[in-house]
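Below are structures written as structure tokens.
Shared between the two complexes below is subunit A, which pairs with subunit B and subunit C, respectively.
Moving on to the complex of A and B:
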């Protein structure tokens, strides 16, 4: 993605107001554990599921310490019991430095690339490589910039640049090249700049605070910064984390005019990957790189077929492997694309490698709390009675259905200019939108008037 | 009561240790600044010597509080040598400073900075993945 940006270089003028969409798990901030890894009843958006959260916390701790690279975890449980929420919680607690890639099992079926390629890319997106960039820079506030034009009008210009920090001040002689880049960047007295010693590249950091009063009229873009401290010639170390996939993409591009015709997606040659693996492990041995095994989360993992499962089996054994977390809501079912039955629709040999975390249905109290959190997240005020009614609906139909009703009821309430959702609003949306069981009920009654009703006896293929 | 005294002693000792470590860090930082000031002054001198090289081939150099006339070439050579020495000292100091910052963090119970002990990639290696970094 970053690579794509570099090639097209569209000027960034995207200042459109961002519409915040609220995802189903946007309220999750972490796993809600205390320092001793004990789960709190309600914390960080998590409610209940104490045992599974505690298990997830242990796994999280092992991921952080890098102990379980190349292992896999399965979160299994009925629909709407918080499997994805736990995975999100793990992702949130890992912090920004650990790569987390999420995909749904069905996402790998695409015409553009093979299933195993899609999985390979997902695996490599979940492995971070930490590297360090070191540059010598000169950083200071411009005190004065003086350029002498030769009297004849032609010939090279010479000039002087005075830079200072809080501790020191010095004068640099300027050659014509530097003068050119300084005027290109429109550097003037009062600017705080850095100059890359190796390349001579100039970077404007902003204007010094002490010069804030120089002019009354100033562009909105003007940024004020402190005069730099310490020495003028500094060594800057920047630690970057990139994913293996990003390095793959950069190095798999065909150079030259062919690049125009090959798309950004598509498959990456295995030779390229091997070369990069070799390079990265070389760097690691030289102490130039650290591997950060991240997390690959595959939701709806029963959507994968035999080919994918055998790929996963093999990929987990590679020494560059992330922690694999999978989630499924299936019981004993057919493995996709075969006639074999297996628990969770996962082959037994893979299942044998997994740590399995089970989630269980929420209790009434927990359902109530989750609905409350969702109401806060979606900015909907709920009256006490409405809350009780909604909780009942959540228990009798499904939690997802009840959560759907929150925003719809909120809208109905706003239409009648109410401030708080009342039982009537809930009743109204309950009658407008059917839940799964009422919908099936309706269909059973009116089956005959629907199209294609001859499929009566046969079972729907759900795999 | 005596237990309390022990505790106070222990805390005092710990705080002294942290303060000392912090003092070490600050001292190194200041020394780098001082050396960089010298380095920049030398650089200015070299530039000045280079700029008016058509003039007399002897220049006045200030040692302490005395001006001495010296041949231009010798002076240049001397300053150059001084510069190299300064560069080396600053590199040494930076290395030591890193270890000292690490020690200070450790004493204060702060986690080690990520990637702190990595060696940097070379220019060519960076260029190979450079476009990934331009985020």
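Moving on to the complex of A and C:
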């Protein structure tokens, strides 16, 4: 019986872990530092870049202490040297409770919102407020859980859940979302659970003592708890973190009927913001709430223009300001919105307020290591020679191009029913897909046969 | 005295009244932002509905909390149906007052009368309905008495069971009776618009 349980459980576990898709930085799990903030050569998906990781570690410590507001950090370096990776590493090591808002520099150019409004919203999303709130929860032992799939195979599932305490028993109707999360948590009869009525969040407290004799079917970490007493529905004070922006939205929205068509927040009046700020500092004095300054990460910061930079100057000085991390890959370039040249395309007065972390190109050994990590992340087996060839490619073209080749080569390998990517597979995808320099070369040779070639000499404005 | 205190605070609220569908509907807005709404039958002057709502810590409106009367149909449709709600076969707890008693009805309780027991918890100022078969349990307080800080008298309770319904009654003390008369007189003095556009002072 137990063995059978074990075999049927395996695909289920796989199912859940495969839900997340693999992104460009999904192998990053932290900054890879030890307790003394010294960077390890290879750890948590990070490779090399020791000095900048140590610098980021110091910033991280500053953020965690939370006393210093309104500091700004700039991560500068060539393309593909791990700037975004470092920012992701910071986000990962902060944990889920500290707000981390990431946006790209071009995201603020929305037609529906002014640039400064978009920036203020981003700033306020990065400040968390921990506050106590009363919510209704259902707490009980699962007596029975019954889920009916519709006979036709389509349509929503319906289900019933019977919960009990030592005093009473109630049957609940389940909605489709609830059924999903119940099966995700693998709730079964005998579990003691709490359900947040408003959000539907399920928390498994443990197994009921009355079920303690079904000993063989559970892991060692199973906890036994008493069946709850009294009423099933209780009011409980929970502490949760909301961002200042969320409080703004709640208080700015027109109440009543219009609230039904929510979602579009539009501009939030500065009076509302001022009111909220006053309220929050009042709560803080009374000890009702705690402010958690988070991190606002602006990637491609050279895309901001002069107005935004002057706004940032001002916003950083407010005491309700998060730690601002920016990243750019530009050298000395034109500041957007002016005709002046400046390092990183950022005005000097803002640069003066920044701590700058520089990233440097990876060495051969580091490139090799990163490619290995990505192969593991993407589930591709690489032979030793293929790995060497790919490292060469990574050094001569770019790391991003080499990473792109991993999954394509993996596919080619699978098509010929191989288990390990060989040099031939790499060669094949290398000939199929051009890298940036070969593509430019091709352009130069065949430019005359492309469309609009008569406008020779005038170059595209890319800044 | 506390009874007078509550009456005075009611008098101090911003009130709006209107007469609609044979009911006198009154809306109170307290100075701390709390709202209360009551509905009285015009002919019998019986209280049909009393509900209140407060703003939560973040400033958002909570749901109406129903003290007296039937809960209305749930307004938040799509989102709620995705989550969890009580099955319609479960016992339903409703308060429905008469002139002389506070009265609670618990429908869908099919068990015989011997199963139920009623006790009063003086320290927590609430009463508890228990079932010996452990199917139903309910702890409830009487907000009317709490507001006027009147004692909870266990001898004033009585209960009956018929047609799958358990009816619990609590004899209103004479302070409450006086308070309700006074309040009703106050409400009748108010100019109540009948239907249509209402000039609502409380919003």
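Heads up, the rule we're going with is that the second predicted complex is superposed on the first by the 326 of 463 C-alpha atoms of A that agree within 3 Å, B and C clash if a C-alpha of one lies under 4 Å from a C-alpha of the other, contacts with A are read in each partner's own complex, and residues count from 1 in each chain.
Everything below uses one rule, namely that a residue touches a chain if its C-beta (ideal position, glycine included) is under 8 Å from a C-beta of that chain, and two chains touch if they have at least 3 such contacts.
Since we're looking at a predicted model, the values are computed, not measured.
Student: Of the two partner chains, subunit B (first) and subunit C (second), which one does A:251 touch, if any: first, second, both, or neither?
Tutor: In the superposition, A:251 touches subunit B and subunit C alike.
Student: Of the two partner chains, subunit B (first) and subunit C (second), which one does A:237 touch, if any: first, second, both, or neither?
Tutor: A:237: touches subunit B, not subunit C.
Student: Is A:200 contacted by the first partner subunit B, the second partner subunit C, both or neither?
Tutor: In the superposed model, A:200 contacts subunit C only, not subunit B.
Student: Per the contact definition in the header, classify A:161: touching subunit B only (first), subunit C only (second), both, or neither.
Tutor: second
Student: After lining up the shared chain so the two structures overlap, which partner does A:365 touch, if you call subunit B first and subunit C second: first, second, both or neither?
Tutor: Neither partner.
Student: A:149 in the overlay: touching subunit B, subunit C, both, or neither? Say first, second, both or neither.
Tutor: neither
Student: May I ask you to decide whether A:269 touches subunit B, subunit C, both, or neither, giving the answer as first, second, both or neither?
Tutor: neither
Student: Between subunit B (first) and subunit C (second), which, if any, makes contact with A:414: first, second, both or neither?
Tutor: In the superposition, A:414 contacts neither subunit B nor subunit C.
Student: Have a look at where A:170 lands relative to subunit B and subunit C in the superposition and call it first, second, both or neither.
Tutor: A:170 sits against subunit B and subunit C alike.
Student: For subunit A, give the residues common to its interface with subunit B and its interface with subunit C.
Tutor: Shared contact residues on subunit A (touching subunit B in one complex, subunit C in the other): 131-134, 167-168, 170-173, 230-231, 242, 246-247, 250-251, 288.
Student: Please name which positions on subunit A make contact with subunit B in the complex.
Tutor: Touch list, subunit A to subunit B: 2-3, 5-6, 97, 130-134, 167-168, 170-173, 198, 230-233, 235, 237, 239-240, 242, 246-247, 250-251, 283, 286-290.
Student: Which residues of subunit A touch subunit C in the complex?
Tutor: 131-134, 138, 160-161, 164-178, 195, 197, 200, 230-231, 242, 246-247, 250-251, 255, 279, 288
Student: Could you please specify the touching residues of subunit B with respect to subunit A in the complex?
Tutor: On the subunit B side, the touching residues are 29, 32-33, 35-37, 39-41, 43-44, 47, 51, 94, 114-115, 117-121, 123, 125-126, 128-129, 131-135.
Student: Provide the residue numbers of subunit C that touch subunit A in the complex, in ascending order.
Tutor: Within the complex, subunit C touches subunit A at residues 56-61, 80-87, 89-90, 130-131, 134-139.
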